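This is the structure, below, for whatever I ask next.
Order of writing sets the labels: A, B and C. Residues in every chain begin at 1.
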Amino acid sequence: MWRFIGFRFLQAIPVILAVITVTFFLVRAAPGGPFDQEKAVSDQVRAALEARYQLDLPMHEQYFSYMSDLFRGDMGPSFFYPGRSVNELIIQGLPITAELGFYALLTALVIGCLAGVLAALKPNTAQDYVPMSVAMIGICMPSFLLGPLLVLIFGIWLDLLPVSGWGNSQGDKILPSITLGAMTAAYIARLSRSGMLEVLNQDYMRTARAKGLPEYVVVIKHALRGGLLPVVSYLGPAFAALLSGSFVVETVFQIPGLGRFYIQAAFNRDYTMILGTTVFLSTLIVIFNLLSDIVAAWLNPRLRYQFRK
Amino acid sequence: MTSESGSVEIINIALEMPKGTSLWKDGWHRLRQNKLAIHGFSYLLLLILICLVTPWIAPYGYEEQNLRLGAVPPSAEHWLGTDTFGRDMLTRILYGGRISLAVGFIATAVALIIGVTYGAIAGYAGGKIDNAMMRLVDIFYALPYMIFIILLMVVFGRNLLLLFLAIGAVEWLVMARIVRGQIQSLRQQEYVEAAISLGLSPLAIIFKHLMPNAIGPVIVYTTLTIPNVMLLEAFLSFLGLGIQPPQSSWGVLIAYGVETMEEYPWLLIFPGLALSTTLFALNFLGDGLRDALDPKASRD
Amino acid sequence: MKFNTDRLIFVFLILLAGCGGGESESRVESGNREGVFHFGNHAEPQGLDPHIVTGIPEHHILTALFEGLVLKNPYTLDIEPGVAKAWDISDDGLTYTFQLRDNASWSNGDAITAEDFRWSWQRALSPILGSEYSYMYYPIENAEAYNTGRMADFSQVGVSVLDDHTLQVKLHSPTPYFLQLLDHYSMFPVHRATLESFGADSDRLTAWAQEGNTVTNGAFVLTEWQINSHVRVEKNRSYWDAEEVDLNAIVFYPTENLVTEERMFRDGQLHRTAEIPLDKIITYQQEQPEVTRIAPWIGSYFYMFNTNRAPMDDVRVREALAMAIDRALIAETVTQGLYTSSTALVPPGTLGYQPPQLFTFDREKAAELLTQAGYPNGEGFPAFDLLYNTNEDHRKIAVAIQQMWMKNLNITVNLVNQEWKVYLDAQNNMNYDMARRGWIGDYVDPYTFLGMYITDGGNNKTGFSNARYDEIILHEAPAELDKDKRFALYHEAETILLENMAILPIFTYQFKHLYQTSVKGMPDNIMDYYNYKYVSLDSEG
């Protein structure tokens, strides 16, 4: 088991290195540099700026310089916000995005598992179609549609919830969390439904029912653990999906999280910020995928035995 | 029940039993039971048909403006109303559908071709080659795909072809994994050993023998990729990176409609419905296909 | 079923936690009571170093934190004393002598002296710093030479300290609008000791301007700055005119999304918005005119031509394109009466100046010109790209114009939407056919517009070059003391520019904001300028 973990961990490192390299050169290839401003800058000034940010060095030197700083944990100064470092900005935006992601995941799990389990219990009936349709809203309605719609209904017409912000007014975390969680809820619904379907038809379920246990005990005690297993392995990709989804949700609700920083950085050609965020998020995704694989392997006895070999 | 009617019953049952089913017949039979999937399928066929003949049936040009008219709600001349430039919404939604569906199908096709080829090769080759190829997939998988696509669009500018490639470049990964997994497990089968010993070339083996059996999950996943792609295109358009005016896709129409949600709700409702129902249909069809073609999910 | 109800309760509780009875008091209401102004500021400030930043959002915050030699009256735009309590102008208009007040101080207690200004201006003009507004200083003798590195000795520049509270400035030509320049943030003083302790005199990347570090001299001090969330400034008790300041604090929000900003206003979260979404303007004007403010702004909206590239190198083509646009129709319909048509560069009425009018909307004449240029009925006319930066308004206008050109001239134009950096890059490198451009005047004088189009001017980027134009703009006009004669010269220069159609004028800007009715002291003026000393919040709402 530990060998498995260690092996996967080692595999993750070249992945991350490759991600950094690809992004580094991709970003540098973009037209429009960080110092293009509307009031024209004289050549001398531009030269001074580029020297200060090391942009006048040949590409490979810039790369090595960046990598060595990175190993020491320094992601460099932001090109767009003078005086701020990328580390600082990430630290500011991260907790917010993390919280948003957490609540979204929670919402997704609740809605998704509920819908999927209900649907699996009576397939191809109304109890199947209705919850699944509701859960599917997440992948059939883009979040930049769902979000403003929810805001219109709950924020403006019913005046129950705030229209934007995070942590500024009471209840302003609800709509963004639901909007972000909706897509993941749909996938979880699907996965839990198919997982439950598979499990519910197994022989040991018939045995449990034959024993005379009430249906819900059968479901909770015996079916859930196996049925929800696919959901666990999905948590890794779910995390990645939530991160990507946060870009749009944070823009729609004006939430000062990492996703919004990223989009701004891309548009502002803030090279270091783009790189830093990409590295950071990619590393998180890799770690999360690893964790989710480990947990899935641990929960699944078949896989567990496989690694004893 | 007398023994006589009992035996009649048995004979009746025997006569009604489906004769020699295959995976496909079985699958089709199960699919037909899934009402949602069937409705979705018919809706999609209808939609594709309408979008194909749009240039001949559309009442107006999609870029035809009528500035004095401005945005008006649905009326006899404009069944779905007009937008702020006085352009007919029905026409724009039809043309938008052409683009959205085109992006969906083409980008998915790109992903399909790349993914299947890649996965088949990796699964068949096995060993070190497989390992290396899958590590490459892992690398790309680790990039939060939105970041990657945004960067691509921002770096290389916007054009339709690039959009297809960029989206396809992200979606092929999972396809590759699925195909590889399938090929890997099928490869161990005896008939493959037989084919190899017969001297068939790897390509022939892959495409004639392995692929047909692996194709089930591929079909399912393809059907489910199309809506993802369409959503992805909508996101990019929302960020300003997608289709450029005066063309639009459903995603663009929705993004514009959101801005004027309260003043001109029809600008949002109709494109929103168009996209949502199409996505629902595709998803239900995909789910239905998966349920139908999965031999393990037996139902009584 | 048991577990279902558990989950249902869970979800219900979450919802309940959020619905804490809606809002008992809105942010605007509590702000009215406490004197806290909630300001929708459009974008996150790139920084708060007045010599480095360039945008309007930064301007709004910096004018709260710092104070220059003079201020402006928000009602009349007349110059009022700032740090300088009085000044003297010599008869030839070349020498200004400023008397600084004794009680002006920095937020850490240090007194402000003339030397502070001299040092700050030297820093702002330092070639290594790369201030993008350094051209504001150029009316000062030798400032340009120092800034471009041609002169190394700052003592040659026309700024001198006569004593602790007397500053003298020498200009190279009588610049009638010079006092207005002094109110621009690029000419604000900065605290030498703070900057030097961070090494910021020549290094842009330091953190001196951030909360906890910065030392300012204005009516407010910086207390909070959370990126992408808000910037909060609070009343400076030791400001020399603190008695006149009614507000206790201002909170600036980076409300990038117009539609969300409008909802925030409706929800009672903002006192003032940076914009109004186009499609909501009519509704607001009809239903809530008391919160809606739309008024002329000293800004010009136009498209620029790359006159070095075909087909834009033919003046007849450019004229044809200009004449084939029905500006009035767009102004009325697409932009909901927001902008006014313009056929010139300088907004009419700028200090009383009236620009020349050389053409009108005339589709026959336009078609004729195009034929003369070799493209009868648009045949053979190559499709070209029109660049614009990502923005809802620009897109709408471009889409309408694209269609007009198609209908009136039978030509194809591709709309290319680029985000800000790429868009600027394309212009700077003259890598475009036609690009949308907007220019907001930095001060109230036609020169702020006309000064752009000198040969190889940093803001020219069209390839336009005319010797007579340069002669007027660089030499004759700045030396002319008589306003009517100066305006006649401007008129001549602008006529040259328009005859060559280096730019395609479209609209004159108006600004559009929403203000809660409790806001007092923020009148409309052509520069969209605020003087926070005049602002107060009516607690009755």
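Everything that follows uses one rule, which is that a residue touches a chain if its C-beta (ideal position, glycine included) is under 8 Å from a C-beta of that chain, and two chains touch if they have at least 3 such contacts.
What you are looking at is a predicted structure, and each value in this text was computed from that prediction instead of being measured.
Trainee: Based on Cα centres, what is the most central chain?
Mentor: Closest chain centre to the overall C-alpha centroid: A.
Trainee: Taking each chain's centre as the mean of its C-alpha atoms, give the chain farthest from chain C.
Mentor: Between chain C and every other chain, the largest centroid distance is to B.
Trainee: For the interfaces A-C and A-B, which has the higher count of C-beta pairs in contact?
Mentor: A-C
Trainee: Where the CA atoms of chain B average out and where those of chain C average out, how many Å apart are those spots?
Mentor: Their C-alpha centroids are separated by 47 Å.
Trainee: Distance from the CA centroid of chain A to that of chain C, rounded to the nearest Å?
Mentor: Chain A and chain C have C-alpha centres separated by 38 Å.
Trainee: How many angstrom between the C-alpha centroids of chain B and chain A?
Mentor: Distance between chain centres, rounded to whole Å: 23 Å.
Trainee: Got the chain B residues that touch at least 2 other chains?
Mentor: Counting only residues that touch two or more other chains, chain B contributes 154, 157, 258, 262.
Trainee: Provide the list of chain C residues touching at least two other chains, using ranges where the numbers run on.
Mentor: In chain C, 259, 419, 422 touch at least two other chains.
Trainee: Among the residues of chain A, which ones contact at least 2 other chains?
Mentor: Each of 30-31, 148, 156, 251, 267 in chain A touches at least two other chains.
Trainee: Can you tell me which positions in chain A touch chain C when the two form their complex?
Mentor: Per the stated touch rule, the residues are 30-34, 36-42, 44-46, 48-49, 52, 77, 80-84, 89, 92-93, 107, 110-111, 113-114, 118, 148, 151, 155-156, 159-165, 169-171, 173-174, 215-216, 219-220, 251-254, 256-257, 260-261, 264, 267-269.
Trainee: Spell out the part of chain B that touches chain A in their complex, as residue ranges.
Mentor: Residues of chain B touching chain A: 33-36, 135, 138-139, 141-147, 150-152, 154-155, 157, 227-228, 231, 234-235, 238-239, 251, 254-255, 258, 261-262, 268, 272, 275-277, 279-280, 283-284, 287, 290-291, 296-299.
Trainee: Touching residues of chain A toward chain B in the complex: what are they?
Mentor: Touch list, chain A to chain B: 11, 14-16, 18-19, 22-23, 26-27, 29-31, 123-124, 129, 132-133, 136, 139-142, 144-145, 148-149, 152, 156, 190, 194, 197-198, 201, 240, 243-244, 247-248, 251, 262-263, 266-267, 274, 277-278, 281-282, 285-286, 289.
Trainee: Mind listing the chain C positions that touch chain B in their complex?
Mentor: Counting only chain C, the residues touching chain B are 259, 277, 279-280, 283, 329-330, 333-334, 390, 392, 395-396, 398-400, 402-403, 406, 414-419, 422.
Trainee: Would you tell me which residues of chain C are touching chain A in their complex?
Mentor: Interface residues on chain C, with respect to chain A: 1-4, 7, 10-11, 14-15, 17-20, 22-23, 27, 44, 46-47, 49, 52, 54, 127-133, 135, 148-149, 203-210, 226-229, 254-257, 259-260, 263-264, 266-267, 269, 419-426, 428, 458-459, 461.
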